[in-house]
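Take a look at these structures.
Shared between the two complexes below is chain A, which has chain B as its partner in the first and chain C in the second.
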Partner chain A sequence: MSQNRWLATGNFFTSYKQEQRTFFTHLDRTIFTCFLVILFGWPLVFEISNKYMLVLDNILIAIVAVMGLNLLLGFAGLISIGHAAFVGIGAYSVASVCQVIGENHVIVTHFWPVLIVCAGIMGAIFGAFVGLPALRLKHLYLAIATLSFQMIFEWFIQFMSFFNQGQTIYVGRVHWFTGQVGRSDHYLFWYYIILTLVVVLGFGVRNLLKTKYGRCLVAVRDNDRAADAMGMNPGLTKVYAFALAGFFAGVAGALHAYLYRGVGFESFTLHASVGYLAMAIVGGLGTLNGIFWGPVAIKFLDIQVEQFSEFVGQYLTSAPNVATALKPLSFGLVIVLFLMYEPRGIANWWRIVKSYTKLWPFRY
Partner chain B sequence: MSYFFQIVVSGIVVGSIYALAALGLVLVYKSSRVANFAHGQIIAAGAFITFFLTVRLGVPIFFSFLASMLITFFLAMSVERIFLRRLIGEPIISVIMVTIGLASIFDGLIYLTPFGSENFSFPTFLPTESIVVGGVSISWTQLVGVIITFVLIGCFSWFFKKSTVGISMRAVSDDQFGAMSVGISVPRVFALAWATAGLSAAAAGCIIGNITGLNFETLHAFGIVVFPVVILGGLDSILGAVVAGIIMGLIQQFASGYLDGNFGLNGTGDVMPYIILLIILLFKPHGLFGIHEIERV
Partner chain C sequence: MKSKATLFFNAFLVIVFVLAFTLPASAGKTYKLGMSLAITGPTSDAGNPYAKGAEDWFKFVNETDYLGDGDKIDCPIRDDQYKNDTTKRFFEEFLDDGILIFLSYATGGNLALKRDFEEVQIPVIPASYHEGLIVDANYTFMPVATYSENAVGLAEYITENHQGDNIPQVAFFIHPSAFGRGPLEDTQKAIAEGMKIEIVEVVEHGTDLDNTAMLQRLVSKGVQYVICQTVQTPVATMLTDAQRLGVTAGSFGEKGKLTFLGAHYTGGSDLIALAGTATEGYIWADSYNLTSENNEGAKKQLELAKRYDRDDKAANSHNYGAGILAAQIATEAIKMAKSADLKVTRENLYKMLQKMNFNSFVAAGPVTYSETERIGVDVQNIYIAQDGVFKKIQSFESQYIQKVRAGR
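Then we have the complex of A and B:
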């Protein structure tokens, strides 16, 4: 660490402990605190309609889900084409509790944090189960295994009468210390809850990578045979990565169920899985801040494309499915262009900007 | 008993189409180690091009069949040239994701055409009454479809066994550096593999379109359902694709013939391949005919 605790323009570490810090300089910590204060404080200053609050909540839930996927894809190097199914597992475990004991039972409305954690654990169990082929396989075979899990999940939800055959299963309104969370502040309430969760889980991911298991994941991604030779167990590490990703996805699913006050089949299709993959890639694989950039960028693109196709639809009345056409087109283009020209994602731009500002006015 | 044989016959019909669709996937994987998730979209494109040429332009169906095969030949080749060639040497995640992105782009492009969201059917050019042998019926379109499929598969396997280009493609799939050192142009072989995959995809699309009718959703769903088939047969074996295609077709038809409606189940035919796939992955990870590669650090 440099003498100056506010600015560091190089690597001055003298011990391993210094490298383990969460924040390297005071400036980093101050900026992060300011950022958090702004994120938590702005709804008190600005009034915002429920419509836009829902968009923000959606982005935050996607961030939770992408955290898991990025662990799996970026850190452990395993492709999952069934991430939406894991999210669905979380959502449907809340929904099945509602089916059994009723949507307005005390457990659903008062003990929702417990339910959210339980949903995460359910996701982790299923994740580990789907990851079992990872004990012997890698790469494409695993990707197809998750794909088939996605298909089996969709079939289950669509044909089981217990899950209402994919129709909406309602979840009751939750209670807080101030009483029942009403219609007007429902989205605001969940904004705070999900934001808190994102911060906590974000620190969790950040610290996980410093532990033995986190380094195991990266070693297995880089070369699983070499990791094997160095005394790690690649198969178990992969299963562990799947379980971890399943946990994050399950939590995201439970949050989704509570936010929408219901669980429907459409949110957890193969298309949604591809969406999560795109978010992880656009954000930047194997980076922490990529987890946040990806969902923001993709959801923003979604909204813009929707507005654009509405605008186009006014002039081209004869082509009714411009919106259905433009959405996958722009989405696919974004994935392909990012992979071809910026495979490290938006996180790389962030890194460039950061290193530039840090070293300014010196170029290097 | 005739119910049983009826299911066997329809299973073989479905299975041979799977085999033809899987062939393209195997070709691309064999030569360039790319799993093409956009294969279903190429199948759909081939079918719609044939439909457009026959119905809108009035070309005889045989010529439009050939023309669509030619067009998808160049379409798939240009896809390889534009997108995949930049990614040689990139990690497998990027390659798979690019093909998923491509699938999305193709989706968008096909939705822009009038073929995206409606049902179409080819004009009938074969007798409409079906052949009945001992209570088992098979329609003319199915019969001709199966015959064309097997002829095409025979042509492909001849092409790989005997022709110089085919042998060089096999050489590349075995060992890229070795093939390069004996003077085979590896990028050209990649392009050719994609092109032949496009060709077989168009043929598959036309046959499916004739049998089941043209609908974009069902056509591009073939691109996904083909993956269990390919994994069952082993990702890099053409024979495996044929055998696994027919096995998968039979399993699917038996599942929907005997399970549906009996135990409160529905649509088991759609999900059965994936269940089989998960079981296979646990017990025989590299499929029936797949090569188990020896890895070294």
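Then we have the complex of A and C:
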């Protein structure tokens, strides 16, 4: 690598350790730090309405969920059409505690970080269990196995009275050092909590991919027989990939439960699973920054289409019918267009922009 | 210099002139409300005409200066597509906009937001008539009798009109959700209180397009009455199958055949449009005045629909009437606050709602609330489908539901 640690004009690595740096240059680190400062600082400067704060919180939760899905889909090369069910497992883990000990019990309101981690572990356990068919199944067959898990999850929730048959199970307001987090601070509070988790988990994924466990995922994705010949255990790796994805999903589910102060079955349906898949594809499979781009793009598109439908509604009497068509149409169209023209997702645009700015004014 | 002063003076005169004409027009206040419902997506067959009803009523209020003093109502209507998360987002947006009353929709969405309603102390008028919405809730004002009142009322109707010495054998055909299950539970409680019916089977329907096996099973078990608590489409499928199999009762309670009955969202002109002649003899409990009754109320509903170019389907839908009623309740609360010389705030509207008593042309009875009563129209009409329209048999109030509520 160049002696100048601020700018990199090419690949000058001389050791594996150098190649495994989180930030290649000081400039990268500085930009990232500034970006984090802005992300954490702007709510203190600009007041934002609850509606937009809720949208932002939602995007961040989706990022946590897509992190898990991308590990499974992008890095391990396995497929899951039941990711929303894993998110649901996390949410219903919190809801189950509320059902047993009460929504305002001190464990729910004060020890919520523990509950969030426990929800992640529950997700991981279920993930590992559902991952067992991955030992024998591949591609379409594995997709159907995960789809069946989604169906079983929905059936269970809808028919068990313990889970209120899918209707809302309430979750109490949490406490912080300053006391109970009230309604006025609720969304801002969770913004900071989820953002912190996104950063921590993001670094977790980044570092995981440097370890032998992370490399195992990629090796099994590229060729599981070759990985086996090299001494890895493809079966175990696949189960472990499902467990990892389940953990992230479980954490996302618990965050969803706390953010919405309740758990209802509608948020974890097959439709939501398809949404997570779309986010992973649009963001860019097998890339770290794609995890962030996908949820932002899909959620942003959703709201823009909604506003566009309302705008159209001012001029057309059949506005509701336009809205019916526009949402699924735009959603499907975006996925199809990305699969056709940019299968590497938005992350590839980011890569192009980055390499262009690094090499500028030279083209090569 | 002089010309500059003249120019300023002339400009001042123009501004005064313009303001003189614009001020009276904009003197009225605008009261913000918010409505979120499923105009599209699941249950939009009900949500779509409901939205049209509310929209038309608010247009009418604004165009006719119904509130007086040039005051207007601004009620954006949002399509949440029956997604609770989206409903929550809209609700937060409406709160940011400073709405006075929230007009909500689905059972699930209302249950999900129940705690929020109480926390922010905002009056809510739902389109769902699920009994659970008013349990431990102070701010939800149910426009009409609940689904439980419908179901228990229909069970009472069965016991009163059943011929024969045996206990009426009843099956429930319900939606697989709290919306469907709640009224079943309340009917079971009414049975525990002494109501003389026996529930032989409960069917939570899926999306099957053939009910042959189910209907034959019910007949073989000796079921005579089927109470439906779901939406129109599955009921239409079941009625069509029953007609095909020849198991539909020709008269009420005919032995060896099935008499079908249903609560609010299972009937109406849309059911007849879906099931045609298979609907004949279907008994339906509802708190709305139907256009097929051709009375003064029905004429007013049709006039409103005609005024805003609504098609016949929407105009004759009881869900169109339901939308009008929800909008009327909010409007009346504002009007009452104005008449009492109170500032139109959430708190005062809440107080007004608790004193409300008015007659709506779309409802089967007067809309009344009190400090303890959260159901507007207690009266239910029992309708029967005859010759392609629903005709009123009687109006009544359920007796057993009072016992069920007392024991809650």
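One rule holds for everything that comes next: the second predicted complex is superposed on the first by the 361 of 364 C-alpha atoms of A that agree within 3 Å, B and C clash if a C-alpha of one lies under 4 Å from a C-alpha of the other, contacts with A are read in each partner's own complex, and residues count from 1 in each chain.
We take it that contacts are C-beta pairs under 8 Å (C-beta built on N, C-alpha and C of every residue); 3 or more make two chains touch, one makes a residue touch a chain.
As the structure is a prediction and not an experimental result, all values here were calculated from the model.
Participant: Using the superposition described at the top, determine whether chain B or chain C touches more residues of chain A.
Facilitator: The partner making contact with more of chain A's residues is B.
Participant: In the superposed arrangement, does A:Arg183 touch chain B (first), chain C (second), both or neither?
Facilitator: Only chain C; A:Arg183 stays clear of chain B.
Participant: Could you say whether A:Ala145 touches chain B, chain C, both of them, or neither, answering first, second, both or neither?
Facilitator: After superposition on chain A, A:Ala145 lies in contact with chain B alone.
Participant: Pick one for A:Ser267: touches chain B only (first), chain C only (second), both, or neither.
Facilitator: second
Participant: Using the touch definition from the top, say if A:Lys51 reaches chain B (first), chain C (second), both or neither.
Facilitator: second
Participant: For A:Gly166, using the defined touch cut-off, is the partner it touches chain B, chain C, both, or neither? Pick first, second, both or neither.
Facilitator: A:Gly166 contacts chain C only, not chain B.
Participant: Given the touch rule stated above, what does A:Gln158 touch, chain B (first), chain C (second), both, or neither?
Facilitator: Both partners, chain B and chain C.
Participant: Considering only the touch criterion stated at the top, classify A:Phe311 as touching first (chain B), second (chain C), both, or neither.
Facilitator: Neither partner.
Participant: Could you give the residue numbers on chain A that contact chain B in one complex and chain C in the other?
Facilitator: Touching chain B and chain C on chain A: residues 158-159, 321, 324, 327.
Participant: Over in the complex, which chain A residues touch chain B? Could you list them?
Facilitator: Residue positions touching the partner: 73, 77, 79, 81, 132-133, 136-137, 139-141, 143-145, 147-149, 151-152, 155, 158-159, 161, 223, 225-226, 229, 270, 274, 277-278, 281, 285, 319, 321-322, 324-336, 339-340, 343.
Participant: For chain B, which residues are in contact with chain A within the complex?
Facilitator: Its residues touching chain A are 35, 83, 86-87, 90-94, 96-98, 100-109, 111-112, 116-117, 224, 227-228, 231, 235, 264-267, 270-271, 273-275, 277-278, 281-282, 285, 295-297.
Participant: Taking the touch rule as given, give the residues of chain C at its contact with chain A in the complex, in rising order.
Facilitator: 39-41, 44, 48, 51, 78-79, 81-85, 88-89, 92-93, 95-96, 107-108, 111-112, 114-116, 119-120, 176-178, 181, 309
Participant: Taking the complex as given, what residues does chain A use to touch chain C?
Facilitator: Interface residues on chain A, with respect to chain C: 49-51, 54-55, 58, 158-159, 164-168, 170, 183, 260-262, 264, 266-267, 309-310, 317, 320-321, 323-324, 327.
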